[in-house]
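Pasting the structures in now, so scroll down.
In the two complexes below, subunit A is the common chain; its partner is subunit B in one and subunit C in the other.
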Partner chain A sequence: MSHPVEQHPVTKTVERVDAREKARGETRYLADIPFPGRLFARVVRARIVRGEVVARNTPSLPEGYILVTADDIPAGGKNCVRMIEDDWPVFSEGTVRYYGEPLALLVGPDRATLAHLTEQCERAVEFRQQEAALTIEDALLCRGGAIHGTDNVYCDYQVVKGDPDGAMAGAARTIEGEYRTGFQEHVYIEPQSLVGTREEGRVTIYISTQCPFYVRKAVATALGLPQEEVVIIQTPTGGGFGGKEHYPDVLATTVAVALTRIDGPIELILDRMEDLEVTSKRHPSRVRYKAGLDEAGRISAFDVDIAFDGGAYESSSRVVLQRGMFSSNSVYEFPHVRVRGRAVATNSAPSDAFRGFGAPQGLFAAEMFLSRLAREIGVDDLDLRKDYLLQQGSTTMTGGRIHEEVKLPEMLEHVLRVSDYRRKREAYAAAARDNGANGTDGAASAKPLGGIGLALFKHGSAFTGSGEQEIIKARVRIRKRADGRPELLVSNVEIGQGVLTTFCKIVAQVLEIPYTDVVYDDHNTSHVPDSGPTCASRSVAVVGYLLQEAAKKLKGRLHEPGEFEVEQVYKHPEHLRWDAGTLSGDAYPSYSWGVNCIEVAVDPLTWEVDVRGVWTAYELGRAIDEEIVRGQIIGGAIQALGYAGLEKMENPEGRFLQRTMADYCIPTSLDYPGVDYALFDNPYPWGPFGAKGGGEVVFDGIGPAYAAAVQQAIGREVTRLPVTPEYISELVHEK
Partner chain B sequence: MSTPAWIRPATLKEALTMRRDYNARPLAGATDIYVRHRAATGTLPPLEDRPVLYVGHLPELTSISEDGKGWLRIGAATVYTDILEHPDTPLLLRRAIEELAAPALRNAGTLGGNIGNASPAADAVCALYALHAEVDLAGHAGERRVPIAQLITGPGKTTVGADELITAVSVPMDRPGSFHYYRKAGTRRANALSKIAFCAGGTVLEGRLTGLGVAVGAVGPTIVHSRDLEVRAEGSDLARYRKLQQEESAPGGFLTARYMALISPISDQRSTDAYRRRVTENLLRDLFERTIPTLLSGKAG
Partner chain C sequence: MKNEIRFSLNGKEETLPGDPRRRLIDVLREDFGLTSIKEGCGEGECGACSILVDGRVIDSCILPAGAVEDRTVETLESIRETERGEKIVQALTRGGGVQCGFCIPGMAVSIESLLRTNPRPDEHAIREGISGNLCRCTGYQQIVEGVAAIEHVEGDNS
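This part shows the complex of A and B:
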């Protein structure tokens, strides 16, 4: 780690609040918490990909077991999992859109009996099967008939900057490219889990989740209850990565419906294989580019067509897509731009949030296309990028402004220096020319093929557009307790990212007290205000700022007698503009920036990729805690390397083939080397002590940097993620 | 007396009696059995309705000894970690075990289990083929010794008798001139199953090749090997080896072409047939065009 600048005291590492109990294995995850009289539940699933239920033939159940279906949804309730649209049913009423879709929930006292009954119930269902649509192309052709609406298109957006048609028409030359990315599974530490019960008459759900208020909204809607009648309590959550953003709603609603028939407690914990097979994944993507060049060879028009595979129900696809669209110009400024984006329906499990939220797909395509442009134009990759870099005051592709100083040039210089990029890049190019080994089938030499690649990128912190203002409306409170300690009342939760510590540090820094004096342990929706979900790189950037401002109101008042609260409500910074109708203006309040460099050696016998070095630089405003940020940088890089090179999930016939952790391989500590990093300080006025988001930008750039490195090593253009040895061998053997 | 669910015999003799009387299922490290019989969380695995016979503690099955004739006899229930730590374990077997599973699994898994499970992707078994290992079996009626390749007949299929236990595996120890060639292309760097396992070994002394063994895993229903081809190369010096290789003008010569004709890889959730085919060919060529000629020409350093 290098420290380009002096650290602010808030950046100094402290011991994480939850470090000891987690390291000692004392943390109680949901499965560890005793619930006397607990019953168990299993989801009865459709074992087909697409079709209609013809007959259910439910077997008779032994005493003490109940089968809960859509018929049990109470009057006033609704058979939907409320997210953005209401299309995803709690229980299928007959139509099956993806393999494993819930038909019913079985509840009873003995797990072995339940497992047996579930299989019996599943086998007893008769279906009329239909041809499934499993790819973006299938979806657009409405293979097997439309799944959604008349055209399988959940949403179709367009962003226009300048005069792209005119510029493209006047172009001296055009260059095109197409890029694809695959599914990714979150593999959070513990599988999806919850216990539903009734406490003081109210439906109460204990759950592993990122977003307790999302669960509350979904459960209240399904049951037709006022939201206050539903209580959600978050239990320790070992990583979410987006997989516990909306999916917990899907399970919680099934248990909530069961609670209308039986009091509980009812435990529903997915087995790992079930979890891998039926829960949401990252959106697969197809991104097409066309650039128009003027006479001087400058990029005048930039046309992008993005399609995301949204899966069987819409869930968050439209917002994921928007972020993908807004990432498609990466960190570059072009005068005339059109970006079209569509999220389409397929018969795969619904795609949903995953760290990066659409940005990794957009950025991969953008960076790979830029390198194609450089090659086609005949200029150096880096020089081309530098020519179009966004700067303070630049107009973004949505017509907003870059308000902050852009430190990319110095970050880039730093990464070039520590990685020795220029020398290595030239040496690898020379080696490839010398031995003519590019494209070798391994017969010529067993010597590894070297390559080095770079990516530049940014990630907008917080919800897209005016989402924070219009949708979330975050509210935080700090209670001064009778014992003099401040207690944080927020709905954001610890999911391994360190927020239990960073929030306490922010408030303690303002109040000038030890961070260990701050209390932050109540994760019950009936006790805390809704400060929004734990996602979108927003917890520190947005909620942390509200806590800082609230703490200022408390400053000097900790010695006052009794108990009282201070409150802070989100206010959109006044310099930001957004028009949700035309998707124009400032797409995000602020951006975090990054530069990644990766060096690889590709084995010409097995096409396995050995990552020799990972160098990174980030500008996250200001790090609240260096060790926590380091954890994000390393974890983000390793998870993204898995996405880039290892993690393959396919469903050519509708059911995922990779259903165990032996077949869906995430990286081990032996797969990748350490991650070098540097943090550039650039305090952001509307972030706590200047902090912006850091949870996702650390994922975004690894894919394109890795692909660029492999591309140099094998002398073939890489256009897909993951870059598996199988894919590399195909590229090399293509003539 | 009702049939016991679990048996922990005191001696090999008792184990063999139980095996015969109850048709008991042997269990050593359980690292395959548990995966095969996995069940819903919180429920017991639905094992067959025959008893399980634990053999992992039997001294007769957990010792490693030299037979005085240059062979190492490894008890079938010896855990991988103990095999790795033994000074006389041949390097080829050691390399295969080093890349097999992960430390915790190597503290439990055994050669007997790797053989009994008979997966075409079994890494230790692949090395045993290339080493021409011999397997000792004991039954109530007596003992027999079988070459590894004759014991395994298909995925999950062996000729271990219903009343037999695998007791030991014998491998030749490395000696002057021994070489080994090992490559595993797994799903990742560690704790990974093989997409391809490639093992070769033999001896080159005074410019002559003897005891060549070649085995390729995960490219067919059983480990792919050929006694015939190995015999063709037996005793070759460089000139004879070159001549043999020229019997076919294919890339990689006669041996590569003949081995390529033996493999029948498939596409599955871990890899593709095309990849398995290309990598097998690359490794065969690396072995036959580079490694062996270099050894025979005495230029290896």
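This part shows the complex of A and C:
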């Protein structure tokens, strides 16, 4: 690790406010909280991939058990899980779009009986099955008929910069490439969990979630209630990574409908197999590139066609897709660009948010295509990248400006130095040339094949475009309590990322008090204002800044008698422009930047990849707490290494083949080495103490760096994630 | 007449309540209120439900409760009250090893087991010692560093 710049006091590490209680096993997650008289619930699911219910044949239920269906949705309510569109039903009314789609909810007092009854109910349903569409190609061909609309396209966007048609038509040469990525499952270690009940007559949901106000909106819509009449209380959340951004809404609405028939409390906790099978995953992607080169060999036109597999319902696919599109030029500036993006409907479980939110797919494709361009043009990989690097004042692909100083060149130099990249790259290339006579079929030598790869990338903090201003309109309050302590009233929640500590530190730093004097423990939607969801690398960058500004209003007033509150409302920085119709302007208020380098050794017999080193450098504005940021960097890298090489989820016939945690392997402590890191300070004027987002950029670059390293090791072009031994074997044996 | 099934739990002699075929995790969490034990997968893969049975790390989600007859069961609830347990808690707390925290109690139990047999483990031994505990947040490194910095605790290694 290294600190190229002296630290600001706020960066100095403190003990996390929630760590000791968690380490002693005293923190009460949803399943640990006693709810006297608690009933249990299980979702009755369709055990087909696609079709129509012909007959339900519900068996008679023993006393004390009830079956809740779409018929129980009250007048004024709506059978939908409100996200962006209202297409995802709480309960299927007959149409089944994916394996495991909810048909009903069974509620009763005994878990074993419930499991047995659920199976009985599921077996009794008769279906008329239909041919399923399971890939992007299937979707675009409308295999089995359209699932969504008439063409299976949820959204079809285009971004144009300059004159891509003219530039492409005038190109002396064109080069193309196609890249694909697969599903990824979040595997938060705490499964999806909630308890629904009535307290003082109001529907009240205790839930493991990233976004309490999303749950409130969805429950209120399903029941036809004013939002204020629904109470959501976030419980300590055992990991999210995007998987508890929208999916909790899907479960909470089923329990909420049950609460129209009985008062509860009703507990719904998914078991792991169910969680793996039906919850949202990262969008699979297909990205096609075409670059036009002018006579001098410079890239004049850049044409990108992106398709994301959105699964059976839209959820937040359009926004994920937009981020994928805006990442498709990575950190490079080209004069003439067209990016088309489509999110398509398939008969897979709906895809949704996952750390990176579309960027990992776009950046993987972009970085791999840049490598191909360098090879085809015959220039050095790094030299090509340096030629097109964004810098302060550059025009982005959406016609926005890079407002901040771009520190990528010095970050890159740092990573090159600590990884010894240039020497190793050359040595591995020389070794490959020596092996050249034997090819890389592996039979000739049992010596591991070495490779080293790099990726450059950025991640926009906060909601896309003017989303912070027009959709979220975040509002925070700080209460000066009678005991003199400041209490934070915000809707952002702890999911492991450290926000309980970072927010307290920000406010304490302004007020010049110990961070342990700040209170931040109320996660009830009827007590706190809506400061937006916990996602999009926005908590520190956006809400943290509002807290800093609110705290300034409180400064010098902590000794005043009684209780009072100060408030701060989001205001979009004036220098930012965005046109949501044409997707043009500043796509994000700010960017965090990264450089990753990975060194691998590939076994020439088994094609297993051994990661020998991971070097990273980030510019996140300024770290609010170095150890917390470091935890994000290491954790993000290891999770992304899983995505890059290990984690495969397939559904060739509609049902996922990976059904347990033994089938779907996530990294263990033995799989990867430590992660080297460096932070580059570059305070951002609209972030708290200069901080920008850091939760997602730490995931984004690992995939392409890993693929680039494997690519060098095996001497074959890698165009897909995950890079499994099976895939490497396929590449190597391809003639 | 059925004999009672007796076992030692966190230093106390106990009688197993209910059906001995129930999962041990359910008995310990529901009947004894030992909620440091977490259920992450229910299939013996993730290690969040780790406990010690006769000093060995066991996933309590795949063990029938009756299997602990005449055995010694220890959970984090007793481990955390010992000197070494406190050092483990501090190692996790101070080094950035805790994020969402759901895997952490199981992790702490595995670390306790490791330190009993190997009071000064190197990095590889620590990584091996916690390899049955899946963590999706931290990437393990800060946990490993924290454990490596624990000073050896003299005394009972039974």
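Everything below uses one rule, namely that the second predicted complex is superposed on the first by the 732 of 735 C-alpha atoms of A that agree within 3 Å, B and C clash if a C-alpha of one lies under 4 Å from a C-alpha of the other, contacts with A are read in each partner's own complex, and residues count from 1 in each chain.
Everything below uses one rule, namely that contacts are C-beta pairs under 8 Å (C-beta built on N, C-alpha and C of every residue); 3 or more make two chains touch, one makes a residue touch a chain.
As the structure is a prediction and not an experimental result, all values here were calculated from the model.
**Q** Considering only the touch criterion stated at the top, classify A:711 as touching first (subunit B), second (subunit C), both, or neither.
**A** In the superposition, A:711 contacts neither subunit B nor subunit C.
**Q** Give one of first, second, both or neither to describe whether A:348 is in contact with subunit B, with subunit C, with both, or with none.
**A** In the superposition, A:348 contacts neither subunit B nor subunit C.
**Q** Taking the superposition on A as described, I'd like to know which of subunit B and subunit C A:25 touches: first, second, both or neither.
**A** second
**Q** Give one of first, second, both or neither to describe whether A:317 is in contact with subunit B, with subunit C, with both, or with none.
**A** Neither subunit B nor subunit C is touched by A:317.
**Q** Touch check for A:631: first (subunit B), second (subunit C), both, or neither?
**A** Once the two structures are laid over each other on A, A:631 reaches subunit C alone.
**Q** Scan A:42 for contacts with subunit B and subunit C and give back first, second, both or neither.
**A** Only subunit B; A:42 stays clear of subunit C.
**Q** Could you tell me if A:491 is touching subunit B, subunit C, both of them or neither one (first, second, both, neither)?
**A** In the superposed model, A:491 contacts neither subunit B nor subunit C.
**Q** Between subunit B and subunit C, whom does A:279 touch in the aligned arrangement: first, second, both, or neither?
**A** neither
**Q** In the overlay, answer first, second, both or neither for which of subunit B and subunit C A:525 touches.
**A** neither
**Q** In this superposed model, does subunit C or subunit B come into contact with more residues of subunit A?
**A** Partner touching more subunit A residues in the overlay: C.
**Q** Find the residues of subunit A that appear in the contact set with subunit B and again in the contact set with subunit C.
**A** On subunit A, the overlap between the subunit B and subunit C contacts is residues 271, 273, 662, 667-670.
**Q** Could you please specify the touching residues of subunit B with respect to subunit A in the complex?
**A** 35, 38-44, 183, 185, 187-193, 195-196, 251-252, 268-272, 274-275, 278-279, 282-283, 285-286, 289-290
**Q** What residues on subunit C touch subunit A, complex-wise?
**A** Of all residues in subunit C, those touching subunit A are 29, 35-43, 45-46, 48, 76-77, 80, 88-89, 92-105, 108, 126-128, 130-144.
**Q** Looking at the complex, which residues from subunit A come into contact with subunit B?
**A** Listed in rising order, the residues of subunit A that touch subunit B are 40, 42, 111-112, 114-115, 269, 271, 273, 441-443, 446, 604-608, 646, 650, 657-659, 662-663, 665, 667-671, 725-726, 729-730, 733.
**Q** In their complex, what parts of subunit A are in touch with subunit C?
**A** Touching subunit C from subunit A are residues 13, 15-16, 18-20, 22-29, 31-32, 186-191, 236-241, 271-273, 494-498, 627-628, 630-631, 634-639, 660-662, 666-670, 672, 674-675.
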